[in-house]
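Each structure below is given as structure tokens.
The following pair of complexes shares a single chain, chain A, combined with chain B in the former and chain C in the latter.
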Partner chain A sequence: MKLGFSAADEAFRQECADWLNAEMAGEFRDIKGITKLTASPERRKEWEQRLGEAKWGCIGWPVEWGGRNATLAQQVIFAEEYARAGVPGRVNHIGVELAGPTLLAFGTEEQKQRFLPGIAAGKTIFCQGFSEPGAGSDLASVRTKGRLENGEWVVNGQKIWTSLAHISDWIFVVTRTEEGSKGPKGLTFLMMEIDQPGIEIRGIKQINGDAEFNETFFTDARCPADSLIGAVGDGWKIAMGLLAFERGVSTLGQQMAFRNELDELIAAAKANGAANNPLIRQRLAKAEIGLRLMRYGALRMLSNTDHSKIDGAALTYKIQWATWRRNLGELAMDVLGQAGEVAEGSEYEWDTLPNLFLYSRADTIYGGTNQIQRNLIAERGLGLPREPRGDV
Partner chain B sequence: MDFRFTDDQLTLAESVRDYLAGTHGPEVLRRLDSEGNRDPAIWQGLVDMGLTGLLVPEEHSGLGLGLVEAALIATECGRACLAEPLVDTAFVAVPWLVRRGEVAELGAIAAGTRKVALPHVLNPWVADGADEFPGQPLQSVDPLRNLVMFPASGSADPHLLDLGALMSAAQLVGLAEAMLHQATEYAKVRTQFGQPVGAFQGLKHQLASCAVAVEFAKPALWYAAGTLECMSSNTSVHVSHAKVMATDAAIQTAETAIQVHGAMGYTYEVDLHFWMKRAWALAGSWGDRACHLKRIDQAVIGGTLPIGPEHTFA
Partner chain C sequence: MEFVFTEEQAMIGETARAFFAENATSERTRKAMAADGIDRDLWTAFCQELGLSGIGIPESAGGAGLGLVELAIIAEAAGAQVAALPMLGSLVLSAQAIAAGGSAEQQAARLPGLLSGEVVAGYVHDAGITADGAGLSGSAGFVAHGGSAQLFVVTSNTGAWLVPADGPGVTVTPLTSMDQTRPYARVTLADAPGEPLADPAAAIAAAHRAGFVAVAAEALGGAQAALDRTVAYARERVQFGRPIGSFQAYKHRLADLMIEIEQARSAVYWAACAVDEGSDEAALAVHAAKSFAADTFFLCAGNMIQLHGGIGFTWEHDAHLSFKRARAIQSMLGNGEWHREQVATMILGEAA
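After this line comes the complex of A and B, so read on.
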């Protein structure tokens, strides 16, 4: 067990901080401090390309594919410095953290050649087509159909909650390609270009007024026959492999953003006197503990090098951070009191803390609800019997 | 930062776990409960494994290991619901004496002939301190805990409090894991409505929540052990984190485990109550939850724990 980082790591930290701070003080100063995921999309695409040019876009990838083969500690440090410098979240998070690692693990040489350079350069933005109106927690019940016709895949159906589909270039889609199949069997994982007549995207307005996710409709949408990752019928295996990457180092950057939210909340509580209330103080203290636990939990999860084994740290991570942040949103409203109900301007737009309260309601739902997480922990972690399931 | 342990650390913890699992099962707790709480043979076994000298420097015939190893072993003591005063003597008193340069008794402690219970102003009672503080033995809620009142002369040293709180947290983590294991195994075999009760979300989600609490208390404990070992900045806050989280995990797991056992959980016949009562006793020892939360809130809001982006995760 080691606390802290080596001298070489600290030198790397300085290198990251210097570069990021210079960018945020220079050409990209207009996007510094943006927290809303949908704000300034064109500038943020340019930022993705800047990251790519300077080889900071996907530092964990192998060098031959545009990465730096960075160690775990270096990835942690970069994520920390990225958030500390006030750089906005990555609009190509899905490409860098999910599509890329999936291609590296399961793609053919030709597919790697086709996609990885574009993602590494920040020029190919990806989104994820998994959930459907009838396939939420029960992800395996997808109904979007794919069939091979004249050397092309033809896709019909609907995906939902596709974050940033409206600014993306590509979508990976889990489709049912075996007629009459049920559950995880008969699914195929396809990469599709979004800009085509068969794909229509409609935004979904969220409770905070923003619209970061979408409905995505497929009507005879097409992609070449060699657009599948893995084999026909391997879709579930590939999708599950991809979801394992989701517990990646990006969670550490997320924690820096949470740190900023908690610090802002503590400052607000001191400013309006709420910090004098012992009940509020105790909840702030618990929030502080929870954030540190989250960091330890992520580092512990990431330092497990045996990825074939899902350990207790990995199983319990999502529910812990999601619940922590939802509680922080509730605490924010209690700290703000009635002032939390009132927007600054005339628009339905919210400052960080009220937005935290609204946005964090989603945290315990997306990526597996708290209830699904508890099923997984109980069944995979504790070995309890499975939920009784209906006929799929 | 890296939460992996060395092979030596893991082997050590595993050997203690195996030894206690083989020699200190529930039947031993029941025998001690009916025959007088302490058994010299159990103590000698711990001495023979070198555990009483774990933190004693090598020049005083100890193993000269550190607080991280001690925390791992204290966790195993909690898991086995060990009643002998190994943790108080060898993992709380020894490092405190070593740091103060009081080495006279270390050899005897390592040899197992001397047990030490240190009083602190926050602990009105001490366990297994009858030699130093003769007086009326007190009945603890934990039937295997030998409590006595000590004269009002306890130390107010925060370092001693940190050591005691850290090692209580370590035992609480082990107790929580043991109770979670007992409840989970019971939920797999107890059937109602034609299936194991563990298949019902009403129970499995409660057990899953306990697993989350336990998993997140562990790294807080390890981090606190690491900072206390090297006395880095904000050590007391990290120890308080660990004590609060371990206490919450153990109490939540104890309550859940009783509920999962149904009416059986309320009986003296089921083993669970030994662990649950130890958890209850340790939750209030070396600073209760409110005391440690207060140390944290004073640091966070009072400004001694630096916050803001330039100090993040200091």
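After this line comes the complex of A and C, so read on.
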């Protein structure tokens, strides 16, 4: 068991920090410190391309696909330095962290050729078309239909809550391709180009006033026959494989963003005197401890190579960070007081901490709600009986 | 960076778990509870046959070397069985104090007896203990296994001394204690002669660091065992025609326990590792581990009673052993609020 990084790793950390800091002080200084997901999309797409050019876009990928074959420690370090330097979150998070690894694991050689270079270069932005109005937690009940017709898939139906669809180039879609099938059977995983007449995107305004997610309508939308990952009917398997990548190294970068939020909160508490309140001090300490434990939980999960046993750190990770952040948002409002409930200016737009309070209500919903996480933990982690399915 | 056990560490864990599971049985623990809270045969076997009692004590001081990670592994295994042993007071707090702050002569004179289990030491800490020449005065109310100790390591916030339990001016009053697996005694010193440790600051720092990590590890083991036993019960107990573990309200409570336990596991081994590596995170980590793991154990033990129903409230069932041990760990060596206040002071950049 070893926590410290090697001298070579520390040198790598310096290299990452130097490059990122230089970029954030130079050509891309206008996007430094952006935390809102929808802000400056065009500039952030340019940033994706800059990362791609410099081969910092997908460092964990194999060299042949535009990566650096970086070790785990290096990926951890890059993710940490990325957030530390105040670089905004990746607009192509879904492409880099989900679509790419899924293609690497399940795609054909030809599909890798088709998609990976674009993702690595920051030019192919992906979004995720899983949820539907009638299929949220119960993803297996998706109804969007896909059928093969004249060498093309033709897709009809609706997805919802599709984050960043309005700035994406591609969407991966779980479709029901076997007429009359139910549940996880008969689903197929398709990659579709968004810019086509059959796909329409409408923004949905969220509780913080922002509109990160969308409704995505498919009306005879099309993609070539070879747009499926895996085989016809493998959609569930691929979708589940993809979701497993969600717990990858990117979580460490996310934590460094949380670090920035907590630091801002600590500074606010000192500035307005809340830090003298013993109850607030206790909660700040708990938040600090929770964040550190998140880091070491993630390092345990990433260091683990024995996949024969259930990895408790991995299984509990999502609900842990989501709940931590939601609590941080509530603490932020207790620290700010009513000053946190008013915004400067006439726009319904919030600074980091009030926005954290509002946005963090989504953290415990997307990517599997806290209730669904508890079901998974109880069933997979503790071997308790599965939830019964109804037939309504 | 590799935050997993090495092969050697995994082996120590297997050995310790097997040893405690086989020997620290409920029956034997209960016998010890009816006496002075020490299973003597278990103690002798642990110290003399298993060969793990010197772990965390440098080889130069007569120990087995290795560090707090290995010590935590052992404490976790002992905690899982709520074993009735004077490990905390004798092997952790006292031995660490002597190893870190004793002169070579003091180490040679005292450590062999502690590591072989022939001498039980109690750790007496109170800020109000004063020294007038060689005579110590003051008292400490909650000395773990103090009634069974032959030797005391006595510390204030600045001084550290060795005091024989049967020395002049020393009064030891065993107390009826809620946790009978680690009963307390009040130790009163009235101008009691004490032999000063060579480096008191080092002794106090080492004892407390190791103590925080060891009780946290013990709590982790206890929490995991409480969860495991409740899960087993949830699968076999049937009500309303189904196993109680199929009710979502019940499942979710167990899931919540697992979420806390996984964090406690990160906390304990982060803290142990940070101390061993001399990381500048160590000071914060030991406070985090102690407070977090103690609360986790209490949460799990409380739920163990609730989720067993009536049987969980009986003397016969082991749930109360965990519950009482968990409560004791929450209070001892600084309660959760005190540890979190130390963390708050650090993160707010206030001088301690």
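Just so it is clear, the second predicted complex is superposed on the first by the 386 of 392 C-alpha atoms of A that agree within 3 Å, B and C clash if a C-alpha of one lies under 4 Å from a C-alpha of the other, contacts with A are read in each partner's own complex, and residues count from 1 in each chain.
Everything that follows uses one rule, which is that a residue touches a chain if its C-beta (ideal position, glycine included) is under 8 Å from a C-beta of that chain, and two chains touch if they have at least 3 such contacts.
Every value quoted in this text rests on a predicted model; they were computed, and no experiment measured them.
Model built by superposing both complexes on chain A: chain B and chain C clash.
In the superposition on chain A, A:Glu27 makes contact with neither chain B nor chain C.
By the touch criterion defined above, A:Asp18 lies against neither chain B nor chain C after alignment on the C-alpha atoms of chain A. Within the superposed three-chain model, A:Glu288 lies in touch with chain B and with chain C [touch as defined at top]. Of the two partner chains, chain B is the only one touched by A:Arg84; chain C is not. Looking at the shared chain after the overlay, A:Ala313 reaches both chain B and chain C.
When the two complexes are laid over each other on chain A, chain A has residues 1-5, 73, 76, 266, 269-270, 275, 281-282, 284-286, 288-289, 292-293, 296-297, 299-300, 303-304, 312-313, 315-316, 319-320, 371, 373-375, 377-379, 381-385, 387-388 in contact with both chain B and chain C. Residue ranges on chain A touching chain C, taken from their complex, read 1-6, 9, 72-73, 76, 266, 269-270, 275, 278, 281-282, 284-286, 288-290, 292-293, 296-297, 299-300, 302-305, 312-313, 315-316, 319-320, 371, 373-375, 377-379, 381-385, 387-388. Contacts from chain C toward chain A in the complex involve residues 1-6, 9, 69, 227, 231, 234-235, 242-243, 245-246, 248, 251-252, 254-256, 258-259, 261-263, 265-267, 269-270, 273-274, 277, 279, 281, 284-285, 288, 291-292, 337, 340-341, 343-344, 347-349. Within the complex formed with chain B, the chain A residues making contact are 1-5, 73, 76, 80, 84, 86, 256, 259-260, 262-263, 266, 269-270, 275, 281-282, 284-286, 288-289, 292-297, 299-300, 303-304, 312-313, 315-316, 319-320, 371, 373-375, 377-379, 381-388.
Of all residues in chain B, those touching chain A in their complex are 1-5, 9, 68, 180, 184, 187-188, 195-196, 198-199, 201, 204-205, 207-209, 211-212, 214-220, 222-223, 226-227, 230, 232, 241, 244-245, 293-294, 296-297, 300-301, 305, 307-310, 312-313.
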